[in-house]
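This is the structure, below, for whatever I ask next.
As written, the chains take the letters A, B, C and D, and residue 1 is the first residue of each chain.
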Amino acid sequence: MERGSSADGTGTERLEAFSDAVMAIAVTILVLEFKVPEGPPEATEWRLEHGLAAQWPSYVAYAMSFVVLGLTWASHHRVFRYIARVDWRFLLLNLLFLMVVAFVPYPTALVAKYLASETGRSIAVTFYGGLMTAFAMTYNALWWYASAGGRLLVADVDPQAVRRVTRQFAVALIGYSVTTVVAFFQPVLSLVLFVALAMISAIAPAIARQTPGDRGDPSLRSG
Amino acid sequence: MERGSSADGTGTERLEAFSDAVMAIAVTILVLEFKVPEGPPEATEWRLEHGLAAQWPSYVAYAMSFVVLGLTWASHHRVFRYIARVDWRFLLLNLLFLMVVAFVPYPTALVAKYLASETGRSIAVTFYGGLMTAFAMTYNALWWYASAGGRLLVADVDPQAVRRVTRQFAVALIGYSVTTVVAFFQPVLSLVLFVALAMISAIAPAIARQTPGDRGDPSLRSG
Amino acid sequence: MERGSSADGTGTERLEAFSDAVMAIAVTILVLEFKVPEGPPEATEWRLEHGLAAQWPSYVAYAMSFVVLGLTWASHHRVFRYIARVDWRFLLLNLLFLMVVAFVPYPTALVAKYLASETGRSIAVTFYGGLMTAFAMTYNALWWYASAGGRLLVADVDPQAVRRVTRQFAVALIGYSVTTVVAFFQPVLSLVLFVALAMISAIAPAIARQTPGDRGDPSLRSG
Amino acid sequence: MERGSSADGTGTERLEAFSDAVMAIAVTILVLEFKVPEGPPEATEWRLEHGLAAQWPSYVAYAMSFVVLGLTWASHHRVFRYIARVDWRFLLLNLLFLMVVAFVPYPTALVAKYLASETGRSIAVTFYGGLMTAFAMTYNALWWYASAGGRLLVADVDPQAVRRVTRQFAVALIGYSVTTVVAFFQPVLSLVLFVALAMISAIAPAIARQTPGDRGDPSLRSG
């Protein structure tokens, strides 16, 4: 049976397209958070270059969320290669996952606003971390449901590859949870850790695939 | 004849892609309603965590509309499996349906703003309910037009399956209409009912498909 | 040669997908123009239902632009059925066309704001009409370029069908231009005419295709 | 091996679709920068036509960014015709490129706001130029990585065609860098140059393809 476009409508194709669209839109509307800087009406001394420089928290937050969402898209794509069909419970779990993903622009705006502020910084970054943890949780739930007993997986998938993905996702969930706790005490450090976690999660499979034992594994290619 | 991409341009493929895009965008711009909380200029006592907690109506409204729109997408997808071709009247009806769907972010913002307010709550939720009812009406009209006399349906569709879908949609329309009336008197209760209605509508076919008589029905799979 | 996905990258497929996406986004962000009504701070008499009712120009503008953009999408789709390949000049013309289409949310917001205002109404609706005329002009230019001497058309296209489309588009351009002049003197009447024009343009081919001579014309189906 | 949809998930298809979506959204949300003009509360003399005319910098910025982004899409499309597969490093470079592309609406709004202002104009246009340069840099990086040693290219690509693309992109990068320096001293001139550069980059291949030697080159058609 071909993956993705099965005739009975349980294929993954349209679900992937919908998820892709949501992630592409979420990543592209991040820019709407930026406000053109304006000097106070009476300030003749104000200069645009200072206004732009003062926006550095917005640039940081933008780049961070763009990378996290972009890598999420890539990872989501990778997972769907193992999935042969969807059912209603999987669809609802994916919807829950997208609900978290589509929410990213808001905590991003929050971090952009409060990263340079002594009083709000901890809370803003912890809120961001809470979303990252929710994101890892829904992503793990999605995978657990699909892979438990090979429920929705392609027929000839390698059980070892499945276990490896499960382990990677669980480690990522632990990493995001711990970093969220760190966020409250060391907000700036935790932002670095969030991006590092997203990058490690994304790059991990690339490394794994370069080991000889894995390269010969046909299940990884049975799209 | 193959469904979806018929050579004379009356296929459903591009209409589905357009509808999917509108629904994906509507669901993803829901987040734009959120405004980063800020304390009043003079308030040294104000704390960000209180500002975030005070936004609970926005979280409720976001989650609710996300689930309703996501399930609408899934349901729209399911209906199109039965449809073999489109004509101009169907296209106009689908446009009417999308006009209602794409409007959802506004009543969502309205509920987010007034859910915690004594005076506006009833009106805001009733307005939301009015949209849900309009949504169910256009959706029913779409299906009635396509299915009447099998006008636009796939050739070998099971008449019983068609009647079942017609019945489910009619029940949903009644449910949304009644809940909109409830909204005026019991706004909070009605919000719970709206989500429940969306979930029941979406899950219903999953249950139906698990009965033996249905599983063996080839018309459901003739995509 | 197959239409749409020719191997040398001159096919129409990706251009259609890009155009579809732009039109779907433009239509869906129309809703962002709506602002949740709020009473003045001191007004204890203000009621939400009055605020919502006072927004009627926004509802009118939203519905009008949604229908116009939706029918534009349908019409664009129809034209591309005759087009076999694209070149760089066509691509630039299509870009110009999309630039006008993607701009629609702004004059829509303008009409929504000034439709109920004595002083600004004429200008706002004339501005809207100017865009509609620009839209018809770029659309005609697109078609003239593609169809002149059958430059980019499918090989077996019926010359009569091409001439009919050319005529329809020219009539629409005249209609939009005249209505824009009307807009300055009779703004409300012109809004009705804009929607009527969009609907007539869209429905015209449906009528045409039902005549026997046309139905038997194979060129219309050689997608 | 077929390009684009290779079974092991390293094909370019979904990456192209994601990139297309980001570019289509970025181009379409440019319009959100426009604000409906309003007279000051006490001004009975204020007229809407003057408010609209005073927005000319917004129209200029909108048209400029629309053309630049639209041509970027077309160029991105062209490059992907040479690319047979993607790996994680390419994916990250493409993400970096999209991060710059999706950011375009912000400098556009900046130029729209300060183009008519003596004091901010130079900085605003230089900022815009900085983004254009970053855009050319990430685009070059993307191509260098893919083409070095034919790493990700289609098997039968013509080395001469590859070198020509490499040269064109390098020239564009130099052009954007120089124009950004010009922007600080001659902001208006530099805006004209940015659009000219985008158009030349886009039209160059069209001219190249019309030379006889190139037309006969099969590598250009091995999509």
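Here, a residue touches a chain if its C-beta (ideal position, glycine included) is under 8 Å from a C-beta of that chain, and two chains touch if they have at least 3 such contacts.
Remember, predicted model here, so these are calculated numbers, not experimental data.
Asks: Which is it for copies subunit A and subunit B: same residues on both faces, with over half shared, or different residues?
Replies: Under half shared, hence different.
Asks: Using C-alpha centres only, name the chain that sits farthest from subunit C.
Replies: Max centre-to-centre separation from subunit C belongs to A.
Asks: Give me the C-alpha superposition rotation for subunit B onto subunit C, in degrees, nearest 5.
Replies: 90
Asks: So the centre of each chain is just the mean of its C-alpha atoms; given that, what is the distance between subunit C and subunit D in Å?
Replies: Computed from C-alpha means, the inter-chain centre distance equals 26 Å.
Asks: Distance from the CA centroid of subunit A to that of subunit C, rounded to the nearest Å?
Replies: 36
Asks: Spell out, as numbers or ranges, the residues of subunit B touching 2 or more other chains.
Replies: 17, 21, 25, 29, 32
Asks: Based on which chains touch which, is the overall arrangement a line, ring, star, complete graph, or other?
Replies: Chain contacts: single closed ring, each chain with exactly two partners.
Asks: Per the touch rule above, enumerate the chain pairs that touch, sorted by label.
Replies: Per the contact definition above, the touching pairs are A-B, A-D, B-C, C-D.
Asks: In the complex formed with subunit D, which residues of subunit C make contact?
Replies: The contact residues of subunit C facing subunit D are 6-9, 14, 17-18, 21-22, 25-26, 29, 32, 87-88, 91-92, 95, 98-99, 102-106, 109-110, 113-114, 119-120, 123-124, 127.
Asks: In the complex of these two chains, what residues of subunit A are touching subunit D?
Replies: Residue list for subunit A touching subunit D: 16-17, 20-21, 23-25, 27-32, 34, 36, 38, 47-49, 52, 62-63, 66-67, 70-71, 73-74, 77-78, 81, 202-203, 205-206, 220-223.
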